[in-house]
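Below is one structure, written out as structure tokens, with a few remarks after it.
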Amino acid sequence: MFYHVKELQYHAKPERPDPIFAKKLQEVLGGQFGEISVALQYLFQGWNTRGDGKYRDLILDTGTEELAHIEMLATMIARLLDGAPVGDVETAAKDPIVGAILGGMNPQHVIVSGLGAMPADSVGNRWTADYIVASGNLLADFRANLNAESQGRLQVARLYYETNDPGVRDMLSWLLARDTMHQNQWYAAICELEEKENIVVPSNFPRHLEKQEVSYTLFNFSKGNASAQGRWAHGPSMDGLGQFNYVANPPAFGEKPKLAPAPPHIFNTLPQVMREDIPPSLK
Amino acid sequence: MFYHVKELQYHAKPERPDPIFAKKLQEVLGGQFGEISVALQYLFQGWNTRGDGKYRDLILDTGTEELAHIEMLATMIARLLDGAPVGDVETAAKDPIVGAILGGMNPQHVIVSGLGAMPADSVGNRWTADYIVASGNLLADFRANLNAESQGRLQVARLYYETNDPGVRDMLSWLLARDTMHQNQWYAAICELEEKENIVVPSNFPRHLEKQEVSYTLFNFSKGNASAQGRWAHGPSMDGLGQFNYVANPPAFGEKPKLAPAPPHIFNTLPQVMREDIPPSLK
Amino acid sequence: MFYHVKELQYHAKPERPDPIFAKKLQEVLGGQFGEISVALQYLFQGWNTRGDGKYRDLILDTGTEELAHIEMLATMIARLLDGAPVGDVETAAKDPIVGAILGGMNPQHVIVSGLGAMPADSVGNRWTADYIVASGNLLADFRANLNAESQGRLQVARLYYETNDPGVRDMLSWLLARDTMHQNQWYAAICELEEKENIVVPSNFPRHLEKQEVSYTLFNFSKGNASAQGRWAHGPSMDGLGQFNYVANPPAFGEKPKLAPAPPHIFNTLPQVMREDIPPSLK
Amino acid sequence: MFYHVKELQYHAKPERPDPIFAKKLQEVLGGQFGEISVALQYLFQGWNTRGDGKYRDLILDTGTEELAHIEMLATMIARLLDGAPVGDVETAAKDPIVGAILGGMNPQHVIVSGLGAMPADSVGNRWTADYIVASGNLLADFRANLNAESQGRLQVARLYYETNDPGVRDMLSWLLARDTMHQNQWYAAICELEEKENIVVPSNFPRHLEKQEVSYTLFNFSKGNASAQGRWAHGPSMDGLGQFNYVANPPAFGEKPKLAPAPPHIFNTLPQVMREDIPPSLK
Amino acid sequence: MFYHVKELQYHAKPERPDPIFAKKLQEVLGGQFGEISVALQYLFQGWNTRGDGKYRDLILDTGTEELAHIEMLATMIARLLDGAPVGDVETAAKDPIVGAILGGMNPQHVIVSGLGAMPADSVGNRWTADYIVASGNLLADFRANLNAESQGRLQVARLYYETNDPGVRDMLSWLLARDTMHQNQWYAAICELEEKENIVVPSNFPRHLEKQEVSYTLFNFSKGNASAQGRWAHGPSMDGLGQFNYVANPPAFGEKPKLAPAPPHIFNTLPQVMREDIPPSLK
Amino acid sequence: MFYHVKELQYHAKPERPDPIFAKKLQEVLGGQFGEISVALQYLFQGWNTRGDGKYRDLILDTGTEELAHIEMLATMIARLLDGAPVGDVETAAKDPIVGAILGGMNPQHVIVSGLGAMPADSVGNRWTADYIVASGNLLADFRANLNAESQGRLQVARLYYETNDPGVRDMLSWLLARDTMHQNQWYAAICELEEKENIVVPSNFPRHLEKQEVSYTLFNFSKGNASAQGRWAHGPSMDGLGQFNYVANPPAFGEKPKLAPAPPHIFNTLPQVMREDIPPSLK
């Protein structure tokens, strides 16, 4: 269950409206790695956690904080839209600044949301749960989380240099710091699990049931061996259970596939287009 | 540019058809973490890599291998569909096995693909590029890759116990081994980059521009302090640049937001619904 | 900002596992009118509200409660999945009950979420923000909310008769009651706004700018006049500003459209396929 | 069955081309509350209506009219695109008006549709049936319809002030008037059903089966009681069957959830990561 | 503008309910090549046709007929759902027929649509305008139409053998015949345009501007020359303007790409991870 | 299985950066008829082909070539983004060229991909497998392929006139030529199959089972007989098995549908809203 606090976690006030930056800022609100994604990803992970109280609590606490970040971004976007110009572009373009703004802003910010934030990314794709993951395996999911915070902080850093509004930058500096913490925290949780479980997910699938001959082999599927120059091609494997090896010219281990013809009622093209062989019931 | 080899990378032949398992196996072909996802994720990452020849090569080699895995899975699914029963379920259900199969298989495997594999997951959602990421930042993307291989191997492991067909299990044992390698390989590449760059992505955003007061703080957004018991709440931060600290009762740092009313031509509800204040041009 | 409370708002414990009902229950968690939809719809509406403190508060309070409903449903679904059978259907179908369950459950509940709830509906479509609306006009949005609670309660009522598990029914009785309240509450808010604004949204668009000749006309676009028998075809209009009238044989008011040919560089089919008229620069 | 009339229901001719307004106008053609949405929503509702001839007829007549509105908007958009500039933006931007247009128009209007309307919204999202609803319960669906016409008219009103082309405004004035009628008509139908059925949907679910203790309770999930100031918090409920009451500090009625561990073949993280307890068959 | 006729174009009455076939039949109503797709594809093509009255008329007439086919399928599906069983599967599975039906039917047919047809395919994906095309080039679009009618008739033929209900088969025999006509009709229109324009779309792009050296070359991108055995590898090209030729070992014509590093404010991984070169403004 | 060649199939180097053209060029990379679509469409068709070695080989060779085209476009887009301006639009718009570019480019090219190509179209819709088809019937699928190459070449032709960069045009001239070949090649394959099978897909569905009375009838669903003037309305049908005929005023062959009421537990609106008839178990 949740309680809402009417105050924002941190300030979200621009110095001046900027409808084009409002469009861009949607990316970290409703994009693939925006705050809706991390909020719902963490909450679903937490609700599905079976046991392990401290992980469940950590995940749900972080998911709850991300709800506050959605709120800050929504507020900021609404304020950036305050002075959105209106009217037809041709008239407006006599002032090139107004023209560039009218041509470049997200039309749905006027027509659909009435100067409000939308659950969408910077090009208008609505948020979708395709973006998130909650698998029940915490090591896998903490890696998903570390990725999400890495991509998210990267996007915020790029946005930082797309504006020079001190109010916007102040809010972004908060998000950057929190993403620093969240990367650190998932990193710590990952280290703890890797120590207990080894690094390959899932750690408890019986290793003898996998095709171990190729568990540490780098297949080079191109001419030139640049890919042989890394740690991944030589020496002990990272999980400590094998030796990396490099295959410069990987062969095919399988055969050329030959599929059986489909039965007549499927109406596929038959190998020799032999209509005469079709049973009478299909004529 | 690519060349195709007519042989499969590894065998993909079941002992007997099983249309319901064909439906399930679609998950690791066309699902969120299926082979289409890793193939296209790696290829886009490789094509977008600016410099760093060995990483580019590693990424593209692996993407190229994943194309071969799509091919193996597509072939396996087509063969699992070979003997798909046809007809109405009510008649069929007199034989409970046939009934369960007819009720449980993916109808599109007959109607749409004519006993072929589909670019879709185990419940029929078509594959979408929402699943993939190529950000230009390799540390971020290698984390995305490690996550994808972790989720993917987890799903294959679960599928392994949903069938007892030796041919299917043989192919899955190949995929499990390759996912072991790919987890090891991205892990190695991550270690290399983290050593050079430190662990927080992006590493080169100026740290003094983030709100450093909260860069290592765990906010506890719930009653009870289970989340305080982890490595993430105390001691030096994982990036070595700070000290974790734990805030049991996090305050709001921002103010209660109050948005300005929208102009009349937006037709939002006005704060006091004061129609008399609307300018004459809007009457 | 939000705080999380570790206790559920209400009980969410089935008497026995039922993986097929878990699949169905996903509808009111992650479907078009599920709890994710109302939670995010209300939260975005609240965050975008410009002024009118009591409406903003009402909306955000309700959105916050819906987060608790997502949590209850996620917990219930995880528990319904506890005893999910595993294995191939053909073997299982020797016991028709197990066979029906294996054929009928959502395979992603095993492969993807590891016996956890998913942000998806009962056929596996992932939740999308296409489902929600926050327009900035409160009367419009309260109507959206009343609709969402009507559709939602209808779906819960239907689900009630698809199970006889007392624990599940107990939780559904809670959701039914809360939907009763939420329908009542949006109804009350609508009445208050309609009294101030009249019933047509947006109320402050100048009426003389619309084509008032057809503002209260029911056009009968079919043979037979059954549609003339309602309140909507005769008498004063519901907004009190006109008289309904019924047109049994509606004419076309416009002309047959004739579009100009596209310029050659668009490469559309030209009206007379006159390739000779294409300018030399395009040859 | 349908017949097509070659004339438009109303004029759809702009005075001059305007490719940026063409982009914006797509919203009310192919957006969430555009004409495709209402047309298909009403048609599906009508086709699924079981009995009640006059409602079925009303719904289908209105759906048929909406097809004519799609046609008018498609024609208008094609004409607004007539003079779309072509060429590279850098050259064009020497004339700021042309530059703003080239940068601001929808590139698919040239590349994909060849100066034709698209089944998409103003940012290019293709129309999806996620937008519509036909539940079989007419009171619920009429509320959906009243909402759709409210959102739709709101969007048309906003668009009216984004252009000053008399031809475009003339067509919009027609759509505004028809939306006035459609709001009035669904309102009338709702009143009729509410009188017969009471206001809570579905009206015939047995009330004693819901948790009646909380059927009229407003839970305040935030600090501060602004939400207590409305009609929804005090007095008789809108359905006349209860009394609203306000709970300032809502407790949790449920317990802290504790989920059972998943079986080993699911490969979730185990509560204590006790690999030694995994059965031999999984080693 | 459209008029609706209350009678169906053809009968749509099954002899007995069959909820699983109702699920399958959704494919040709709301799937990729279902009736919604052809209806909206043709209508958009017609509305966007610039000139050429007889094509415009043909396209719109056919689109209007497809609306009638949606109606027939919706009616049939509603009737197939008439006797849908209700209750929990475990109880039901004691009767294997009822169990198979409950496990195999689309749960949304009960929960969401209340025994009505849905704008979705046979696995529950909602219809999307991603499925359709209207390019403004009639030869291209007629090919799209011929494809749609080919895929559509193929799916109906497959469905024919999934039921033995005479009423359902009677309706399918109508759709099969109409698809025969529509394939013939688009074929005729294609022949007419190909005669005027030649076969390559767009026909009026200046041929000398394409890289004519490879306009008739089949590149063999695999070992083995099976693909050389067709008409496409030898002899005059189908457009009569060249000679097919076959390249057994196609070379790369381009160079190995080398991308420039991104500027620092993009925060991509730098080629040598040279943090020292980043300008002071980014530190 | 595949091998990657590090060289591009053809040059992909612009003379100068052009971020707005980069946005437009995404259409033929990741749009409905872009290179991802044809690559995956052909590969899935090839993998699903049952027999017919030469067709399988042709399809897979072509699919493999399309992978090389994705690579060329991705490389070109990355280079077009090289000099993308950064900063806020208002400042930038003082230089109208920079302003138009900043307002018109795809913000995700900076924020999400870090100056790399994206698996998306020109308005930012992510690629989806909704775009492709592999039915198992080769004649149907070759028609899909001919359509895809027609739409694709049309889009490339339009893009050719949106740029005057010689490097970009050089690459487009390659794609145009290859699309010329691919249209010729699918055309040849279609001719071969049509000769063997006749033109109606599927050719082996028993003709006497379709409603042959209407297999060659053009129904005129509008006033005016423009559609009667084509080859499709008179003379022998294209498949040689019938005579086209034209019906100027098509009647309805079916009856007015009347659906049975739903059972009470579905909670649909009942025909006469007769709550008294609901069984006691539902009260």
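Letters are used for the chains, namely A, B, C, D, E and F, taken in the order the chains are written, and counting of residues starts over at 1 for each.
Rule of thumb we're sticking to: a residue touches a chain if its C-beta (ideal position, glycine included) is under 8 Å from a C-beta of that chain, and two chains touch if they have at least 3 such contacts.
All values derive from a computational prediction rather than experimental measurement.
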{"item": "If a chain touches subunit B and subunit F alike, it appears here", "value": "A, C, D, E"}
{"item": "Intersection of the contact lists for subunit B and subunit D", "value": "A, C, E, F"}
{"item": "Distance between chain centroids, defined by C-alpha means - subunit D, subunit E (Å)", "value": "25"}
{"item": "Interchain centroid distance [CA atoms averaged], subunit D/subunit F, Å", "value": "27"}
{"item": "Gap in Å, rounded to a whole number, between the CA centres of subunit B and subunit A", "value": "8"}
{"item": "Residues of subunit F touching at least two other chains", "value": "1-9, 32, 47-48, 50, 55, 57, 60-61, 64, 75, 78, 86, 96, 99-100, 103-104, 110, 112, 114-115, 123-126, 128, 130, 135-137, 139, 154, 157-158, 161, 202, 205, 221-222, 224, 252, 257, 259-260, 262, 265-268"}
{"item": "Chain-level touch network, classified as line, ring, star, complete or other", "value": "complete"}
{"item": "Interfacial residue positions of subunit E with respect to subunit C in the complex", "value": "1-6, 47-52, 55, 86-94, 96, 99-100, 102-104, 106-108, 110-112, 114, 123-126, 135-139, 193, 196-197, 202-206"}
{"item": "Touching residues (chain side subunit B, partner subunit D) in the complex", "value": "154, 157-158, 161, 265-267"}
{"item": "Touching residues (chain side subunit E, partner subunit D) in the complex", "value": "1-9, 30, 36, 40, 43-44, 47-48, 50, 57, 60-61, 63-64, 67-68, 70-71, 74-75, 78, 112-120, 126-130, 132, 134-137"}
{"item": "Contact set on subunit C toward subunit E in their complex", "value": "18, 20-21, 23-24, 27-28, 31-32, 96-97, 99-101, 103-105, 121-125, 154-155, 158-159, 161-165, 221-224, 252, 257-262, 264, 266-273, 275, 278, 282-283"}
{"item": "Touch list for subunit D against partner subunit C, complex", "value": "5-12, 32-33, 53-58, 60-61, 64-65, 72, 75, 78-79, 82, 86, 110, 114-115, 128, 130-131, 133, 135, 137, 139-140, 143-144, 146-147, 149-151, 153-154, 157, 160, 169, 173-174, 176-178, 180-181, 183-185, 187-189, 191-192, 199-202, 205, 209-222, 224, 226-227, 229-232, 237-239, 244, 250, 252-257, 259-260, 262-263, 265-268"}
